[in-house]
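The structures come next, written out as structure tokens.
Shared between the two complexes below is subunit A, which pairs with subunit B and subunit C, respectively.
And then the complex of A and B:
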């Protein structure tokens, strides 16, 4: 093979102008191409992410249905009606109730499971994979499966409870029982996921702290309370806030548990805020549904803010 | 010595708890398999059936007769697949720019991206539907794919990964060798980003496969995704749990298999994304 070095002198006459244009291209490349790389993301994101958020506010100020092309501006009328709507307050109560029943035990359990996994164990991978298995299952599958388990007459759960002399519970019918059933579905799906996030944070805590504590004779539980929890505080704040946001948006579980009815049970006993939005959306009352969306957003900001302050303050004594 | 004994007992307790965890995580899935493999009338038995029966394939045939399940599977594979590929590509591209390139407004844009990760998606669902009506995309898969081509989480995830894993010296060396920025992206960034992008792709595929509310809003039962078909099945045949749980088993199985094979990497990705900086 006869490879030859390129003859350099051949390009010499056009040297200056070529170097100049190459520098220009280079400068353009360095200055402009970053924008080209983020533009596809930003464009799509603005069109389908940010714009709808802002537009919701605009729609909420109108009498807006899909049936008519005329959208009358009504100012804050939708919001005024909303505040006097008992269905709205019912949905708010259900959302908060289901949110508390599902989130509080879930996060405590997740921290404890992460604590158990945060030590040398056999079959570590098996346990971690199993933790996430429920999260891989879709919401639809989870609700269908649990609707069967929570069945009044032939459900597995009532069967097990009957060993302890508990009569057949109609889980779907009562307010408290339906909230427990729906919260169980949410917990089953999300506990393991949150445990993994806690575990990731726990693994970043320096080992020496635990070694020193063990020498001082601190029990596992004391170590969890005095070392682990203060050290992973930022992650706890993060998980509490994302769980709050998630809990405020629960919709698929009550919708499917009520076999597709957007009222969340015949007496609206488990209609959440998101389901209330969907009910009005299905009635094509977009203006009102948008107003509910904005109220929900306000609630989310308040709930996230309160939780942020609470979790930051409590137990922050790393001494 | 006493401490050792105590440690041994804690150990046993730990294993027992974790085994209980495995039991409760797997039980609902196992039981849905039991129901799916039975005749519906067998569910009225006391005690309820606890072992799989022989009716699974008959039930599968009934699922395919009741809803357009083959179409649903095809739709879901195409939708989740194209979303995953697009998110991987655009997130790596934008993540590279955010992590390693200097440009005006970079920090502000990144901050906005992170902030909007916290905003609930359902807030925008009504205008999003109005947009789809305008574009005449309701009932079509475009309505699912196009809004999901990018997301803030993906960009944040890749930015985090690349700012840690991609050595700036490597990029400088590439520049000295005369690489353009695109050349750097293609020859230097992509190979480094591959493992994280793969995890992001799997996470995106799973969440797109399982997405329910938006497809329900914008699609019709005649042209569904798997989740929409499953909910039709569950809603129309309330008491026929054998049928609806056969459907959920079929819809969940592909993901569970993927997860069983690649679970370790997926978990690594979730845990990596959780620890910031």
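And then the complex of A and C:
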């Protein structure tokens, strides 16, 4: 005992410290490694998401042209000018208009397509891949082809319309007509993509509900309305929000439809907000362009919030 | 009942990713090629805004510089110049040799610290070759040689002989030239043409190019010599505007925006009978509507010539690591022999006046344009050319007026409202 006695205190702390460090590693593993796993994303997000956002805000408070080294601080002057700028409100109107004309029919069509595909079919994969094909087509190719289709003198659509006695429509010149043309291009690219998302959600709906409904004599359309749509509501919310954000950011279609005219047509009849930003960046007026970017960010946050409030009421069940 | 089958999708995704990454690799041409060989391998990039038909000249350059590899990058016209601005401001990404068009040259020559002074590489000795005004355009305000000219835009009027014949107008190019000593006459002949009701054909493509040609002929254009924007008060600009509007109101326009896809189709289908033709545009027409060969001819431009439309300089941004080779390449691409070659290949009118009496040019006829002696026509235009001072934002000013004319053309605004809005747009140009 006497010989061992002095040892005991020496052994016990070592033992304890070993256990302590092992506990520490374990606790670190549980508490800290999740953060380590998301760090790469966060770092990238900070570099390419957060930093540009904050820096854009900083730039928007300046008179900032690219080639000059002097950046004069002007406070909120850019924003004040922006709110009084009719070109800005024109671009806002165009964005909302094109957004509505493209998104609403697109989502209805996507749900319908998904519903059609959500039943036993031959060559399912073929159909599903076909749905996605327009989305993998380059936007430039899509717009070039559709610009030809919507041509005034030699366009296919005007040619077909002429059978019904409709005179040649100058799709590019009119406000409404150009919005329809651009919306068609957007729908062409995104309807199938959204249909696939809906389809994935629909496949998670329990079969028994449909079987019970069929026994009760409900038609396909009633089943879609009473079972499918309520059950996939969370997905609908998601798709509506992403589509809305996408619609706020439309830029390639109008830019190419106008043959690289950053004004979106001579009367700015289809200049979207993103295109308006591009126009001002291209003029190297970075301060003003940054102010518009920030206003657009605010709009997107508001639109997403409204969407959320409107569509959140039900959480994916048959209430 | 199918779930999406990952087994089938994965290979497709992999293929798509592969395609994307291959494409991405192809895009990264900005880096100088790293090589362990003792003779230093150099990669020069050349940034252009269309096909300048330079490819054979690169081969010629490689004969004297076997260690140099040349990669050409092309972008759309406006994008090319905007990109160059961004690349200069951020200090990265510019090509070793860049083309800058006349509408933008005054934007870049004040940035003397961003470009190599080609005079340091012995190119000042080329001054004797050049048209003086073209040489001056490439100088910085303090006289450094930043850019060497390639071509200039001496202007003529191209027309469709088949449509002229159908309308009962003369088709011989000398007689046609006599039809329109002034732009007013041009408009009047247009009314004659429209009265003949040739099926599906109008008098000209769109108002913008005519407007530009008229302004270019004036002694002062959008800017005065001190770079003040005078477009709104210059009576010559207003006169060009009024005349353009008058032609629109006479329904002479085919309402096609230059270089748009419908414009290309219109060229092929014969939607318009005349088109303003700077020398380089003979190449554009040939590229855009190859099937119309032989149906075109070339006459003098109304208003007695004197306007320069377009033309390009080659410059070497300081970001480039090989100024010596870049300068040598610019020297070769703009050399007298090669400007001659580019005229016959691509319709680029030389900026070296001693070539204007060279039989290879004066005797040159263009089979696409009904064997018109384009060599003689364009060199005559070049000799009569009175250069105008081009201001820093001339491109943006032209866009503002072009849009305004299109608004009138599409019936969206009356001419007065369109003019007023154009003036407001000018106020926004800083």
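Keep this in mind: the second predicted complex is superposed on the first by the 268 of 319 C-alpha atoms of A that agree within 3 Å, B and C clash if a C-alpha of one lies under 4 Å from a C-alpha of the other, contacts with A are read in each partner's own complex, and residues count from 1 in each chain.
Everything below uses one rule, namely that contacts are C-beta pairs under 8 Å (C-beta built on N, C-alpha and C of every residue); 3 or more make two chains touch, one makes a residue touch a chain.
This is a predicted model, so every value here is computed, not measured.
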item	value
Touching partner for A:23 - first (subunit B), second (subunit C), both, neither	neither
First (subunit B), second (subunit C), both or neither touched by A:222	neither
Contact breadth on subunit A, by residue count: subunit C or subunit B	B
Partner chain(s) touched by A:156 [first = subunit B, second = subunit C, both, neither]	first
Touching partner for A:285 - first (subunit B), second (subunit C), both, neither	second
Touching partner for A:249 - first (subunit B), second (subunit C), both, neither	first
Touched partner set for A:173, first subunit B, second subunit C, both or neither	second
Subunit B versus subunit C as contact partner of A:56, first or second or both or neither	first
First, second, both or neither for A:148, with subunit B first and subunit C second	both
Partner chain(s) touched by A:41 [first = subunit B, second = subunit C, both, neither]	first
Residues on subunit A lying within both footprints (that of subunit B and that of subunit C)	66, 125, 128-129, 136, 144, 147-148, 151, 153-154, 196, 200, 203, 259-260
Contact set on subunit A toward subunit C in their complex	65-67, 120, 124-125, 128-129, 136, 144, 147-148, 151-154, 170, 173, 196, 200, 203, 259-263, 266-267, 282-285
Residues of subunit A defined as touching subunit B within the complex	26, 29-31, 33-35, 37-38, 40-42, 44-45, 47-53, 55-56, 59, 66, 113, 116-117, 119, 121, 125-134, 136-149, 151, 153-154, 156, 159, 188, 192-193, 196-197, 199-201, 203-204, 220, 234-235, 241-242, 245, 248-249, 251-252, 256, 259-260, 274, 277-278, 281, 286, 289-290, 293-294, 296-297, 300, 304
Residue ranges of subunit B touching subunit A (in the complex, touch as defined)	10, 14-15, 17-18, 21-22, 24-26, 28-29, 31-32, 35, 43-44, 46-48, 90-91, 93-94, 96-98, 101-103, 106, 109, 113, 116, 118-131, 133, 146-147, 149-152, 155, 180-182, 185, 206, 209-210, 212-213, 217, 226-227, 230-231, 234-235, 238, 241, 244-245, 247-248, 251-252, 255-256, 259-260, 263-264, 266-267, 270-272, 274-276
Residues of subunit C defined as touching subunit A within the complex	1-5, 8, 12, 16, 76-79, 82, 85-86, 88-89, 111, 200, 255, 257, 259-262, 265-266, 269, 271, 396, 399, 402-407, 410, 412-413, 429-430
